[in-house]
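So, here's a batch of structures to check.
Across the two complexes that follow, chain A remains constant while its partner is chain B and subsequently chain C.
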Partner chain A sequence: MLLEVKDLHVAYGSYEVLRGVNLEIDYGEIVSIIGSNGAGKSTLFRTISGFIKPKSGSIRFDGEEIAGKSPEEIVTIGITHCPEGRFLFPDLSVYKNLLLGYFTNRRDKDGFKKRLEYVFEIFPVLRERINQRAGTMSGGEQQMLAIARALMPKPKLLLLDEPSFGLSPKLSWSVFEVLKEIKNDTAVLVSEQNASLSLKVSDRAYVIELGEIRLSGKADEVMANPEVKKAYLGI
Partner chain B sequence: MNWKIVCPTILVLALLLPLTGSSYAIRISTLFIIYTIAAMGLNIIIGYTGQASLTQGAFYGLGAYVSALLVLNGWSFWSSLVVAVAFVAAVAFLIGLMTLRLKGAYFAIATLLFNVIIYEIVDKWDEVTRGPRGLFGIPSPAIEIGGVSISFSGTQNFYYLMLAVLVIMTVLYWIIIKSPFGSIIVAIRENELLAEYAGVNLTKFKVASFVFSAIFASVAGAFYSAYIGSIFPDITSFVNSFAFLTAVIFGGAGTLAGPFVGTAVVTLINEVFFTLAQYTVLIQGIVFLLAILFMPKGVMGTYYSRKAEKGGELPKRAIMGKL
Partner chain C sequence: MMIEINYFINVLIGGLVVGFIYALTALGITIIYGILQIPDFSHGNRYMLGAYAGFLAASIAGNMLEISYIAAILAAVAVSALVGVLSYLLVYRRLLDAPHITSFIAAIGLLMLLEGFALAVFGPRYQHIHTPFDYMVLVGALRISAQRLVILLSSIATIAFLFYFLKRTITGIALEAVAQSPIGARLVGINTDKITLIAFAIAGALAGFAAALIAPITLVYPIMGAELNLKAFVICVVGGLGNIPGAIAGGLVLGIVESIYGGYFDIRWKNLVAFGILVAILILKPEGLFGKKERRA
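Entry: the complex of A and B
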């Protein structure tokens, strides 16, 4: 297993947001985590990437316990996080954004060029925009840059928080299709509220409600579940 | 503006300045250079890292005091300078560790408090600093080249010495801003949280740029004490922090040339209103207010914005400062 989360409890003050979450991701997998507003998806992501210390439970990555490590250490060992809401350096160029994404590997200059080529192949539009200020790009382009930024250090696992937020279904779909291209190098844990698109590209899925995993299984099984259909697929 | 022409031209004019024979012009220019060095340092932490430090004056004054005390104890100016810089850097490191976890205005207030503390220590620790009586008769620096000793006691000699120091410090400043380190601190300024998501250890980089800013201040302070020959506790007060801040904001925080332009204005104000010396702070305050009300990006920041609106290219790395 690439990532194993076991009985994870996370609280903001006395308010427990994650109540014993169990979750696994294998190499080469795309896994969806589906839940409505406030279910705890972003909290789970922030805990894995070291921004929040869990109250209890374990997070193992590549066999190593990583719960409680700093964000810097988490990126260095191969987990990057693309937070919700298109996080960019808006006044810096596309190139600069990608360079800063590569921060933890900065000593390896040749590696940077390779990674740059890699993300340009996945998102050709970024190559054309290389000198443009990130904040002046369209919403879709910004989301692509945000993902590309997170892919720069060649992570083993990408945490992708609500990538379709504010994008048209067509644009969202193009983002999800990209995940299939990268998954052999980089496994993906992707969170969504409206799951019809993300489930189509996912291998497996979890449904989270009020900080607890309610359902999990193969993506098509989850998609076929009547309750999921009603609550998250809008069918 | 073509910097490849502007910079050498200014340097040549600066080299020729003593030909005017005006010791007044030389004196002002020397002070301008000293203040500019401190303002450059402040621009690193405020303009590029986006952390509003209000303690640059204390580092400046501390640099002046440490080096003056050592020189008065018989040390050579150069070894005093090195020790003063190292001492101030260590102080900045400790203050930075304590304060740089605070955000925005809280950091600003905490640094202001440290400025007050440092001032009080210098003012009250009579046994060491001589308190309000100040330090007098601080000798000028000298160097020996091949057995010939050159003293920098004359106005003109000191001016050339400062010109050389300015060139060195400007190159250092330029390297800091243009290096990967410079890009990282700009990233912290632009989006601190995202920088952290990218794996940047915020505390490490913020403290490092705070220490850099203090190093520039202490170099400026040490040369100031050697130039003027006497110093008083006032030199560590927040009034100086405020003057450097005005220079950085007015010139354009987060632009390379900002500290030069801003310091030129502040130095001129001090001279023009020389007879109103007791109102200097008031006048600087007015300039500061006018700057943040009508030109929040400062002279150079506004210049680059105009250029960008007309489709001109932005400076490659130095993006307009946001405070």
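Entry: the complex of A and C
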């Protein structure tokens, strides 16, 4: 297993947001986590990427316990997080945003060029925008840049939080298509409120409600579940 | 006519000299503000302590002016950088999660503390740092003090170097990244604490360098930091707090306005006019000359 989350409890103050979450991701997998507003998806991501310390439970990555490590350490170990809100560097160029994406490997100049070429092949529009300031691009382009920045250090796992937020269905679909291209190098955990697109490219899925995993299984099985259809697919 | 032009050019050069000292100091304030959003009111006293460190180093280094002045510059830069680093480690870092007003009050406290320290140790007397550039040079038909030329050239070189650092080196780019989005910086694996430390060291070093450059002209005394601090702050606000070109432009504008006014009119009105113009700019353009709307996450 690439990532194993066991009995994870996370609280903001005394308010417990994750109540014993169990979840696994294997190498080469795309896994969706589906849940409505406030279910705890972003909290789970922030905990894995080191921004929040868990109250208890274990997070093992590539066999190593990583719960409680700092965000810098997590990036170095091979997990990157593309969050809601993107957190790009708005006044820096596309190029510098990507250069900073490679920060943890910054001494490897050749490696940087290769990765830059790699993300430009996935998102050709970024190559055209290379000298443009990130904050002046459209929402869709910024989302692509955020994903590209997270892919720069060649992570083993990408945490992708609501990538379709604010994008047209067509743009969202092209983002999800990209996940299939990268998954052999980089497994993906992707969260969505509206899951019909992400489930189509996913291998497996979890449904989270009020901080607990309610349902999990192969993506097509989850998609076929009547309750999921009703609550998350709008069918 | 010739004499008038020469006088004007000398006034202008005087303004540029003071303006660059303002700019170097204001740069430190604006860099720290960019990273932490703290108006670091204790910055002027890094400048003052750097000047005293330079004075001490020069006294110890002996009578060879070339050597003692270089010792003064190195000591001023090192001590000011150290004071910057320590004020982050001992004060601001502990207040990162506190309301901003706490850091603000702490900054004023630190200002008083350092000034009190200088007064207790060195007394209120004026001290002198001697320079080997204590002569006039002829540039065309102009007679200019060599120290002033040294200040101009080394300030320009320092600012050029700072820009190179911020725009071209990965550490400098990371510093700008932290200023624009601290969370984004942590997402890509930047240690924001280390970058903040570097920012304080740079801010301090710039202030110390400015102090060692100007001390042979303006002398060294305990409240020199507080005096400069006020101006540097006004400059930063006018240039847009956190805005690096704004701090440089603001410093030069204030220096030149002061100098021209003092050179042609009653020097007692110098501050009134200079600050009057600055306040007027703020009223007309509240976000500062180069200010942008806040956008930071």
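Definition applied: the second predicted complex is superposed on the first by the 235 of 235 C-alpha atoms of A that agree within 3 Å, B and C clash if a C-alpha of one lies under 4 Å from a C-alpha of the other, contacts with A are read in each partner's own complex, and residues count from 1 in each chain.
The rule we apply is simple: contacts are C-beta pairs under 8 Å (C-beta built on N, C-alpha and C of every residue); 3 or more make two chains touch, one makes a residue touch a chain.
Remember, predicted model here, so these are calculated numbers, not experimental data.
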item	value
Chain A as common anchor, with chain B and chain C clashing or fitting	clash
Touching partner for A:43 - first (chain B), second (chain C), both, neither	neither
First (chain B), second (chain C), both or neither touched by A:198	neither
Partner chain(s) touched by A:172 [first = chain B, second = chain C, both, neither]	neither
Chain B versus chain C as contact partner of A:71, first or second or both or neither	both
Partner chain(s) touched by A:81 [first = chain B, second = chain C, both, neither]	both
First (chain B), second (chain C), both or neither touched by A:99	both
Which of chain B and chain C A:143 touches, first, second, both or neither	neither
Residues on chain A lying within both footprints (that of chain B and that of chain C)	49, 51, 71-72, 75-76, 80-81, 83, 87-92, 96, 99-101, 103-104, 106, 149-150, 153
Touch list for chain A against partner chain C, complex	49, 51, 71-72, 75-76, 80-81, 83, 85-92, 96, 99-101, 103-104, 106, 135, 149-150, 152-153
Partner chain B, residues of chain A touching it in the complex	49, 51, 70-72, 74-76, 80-81, 83, 87-92, 96, 99-101, 103-104, 106, 133, 149-150, 153
In the complex, chain B residues that touch chain A	180, 183-184, 186-187, 190-191, 193-201, 314, 317, 319-320, 322
Chain C residues within the chain A interface of the complex	170, 173-174, 176-177, 180-181, 183-191, 295, 297
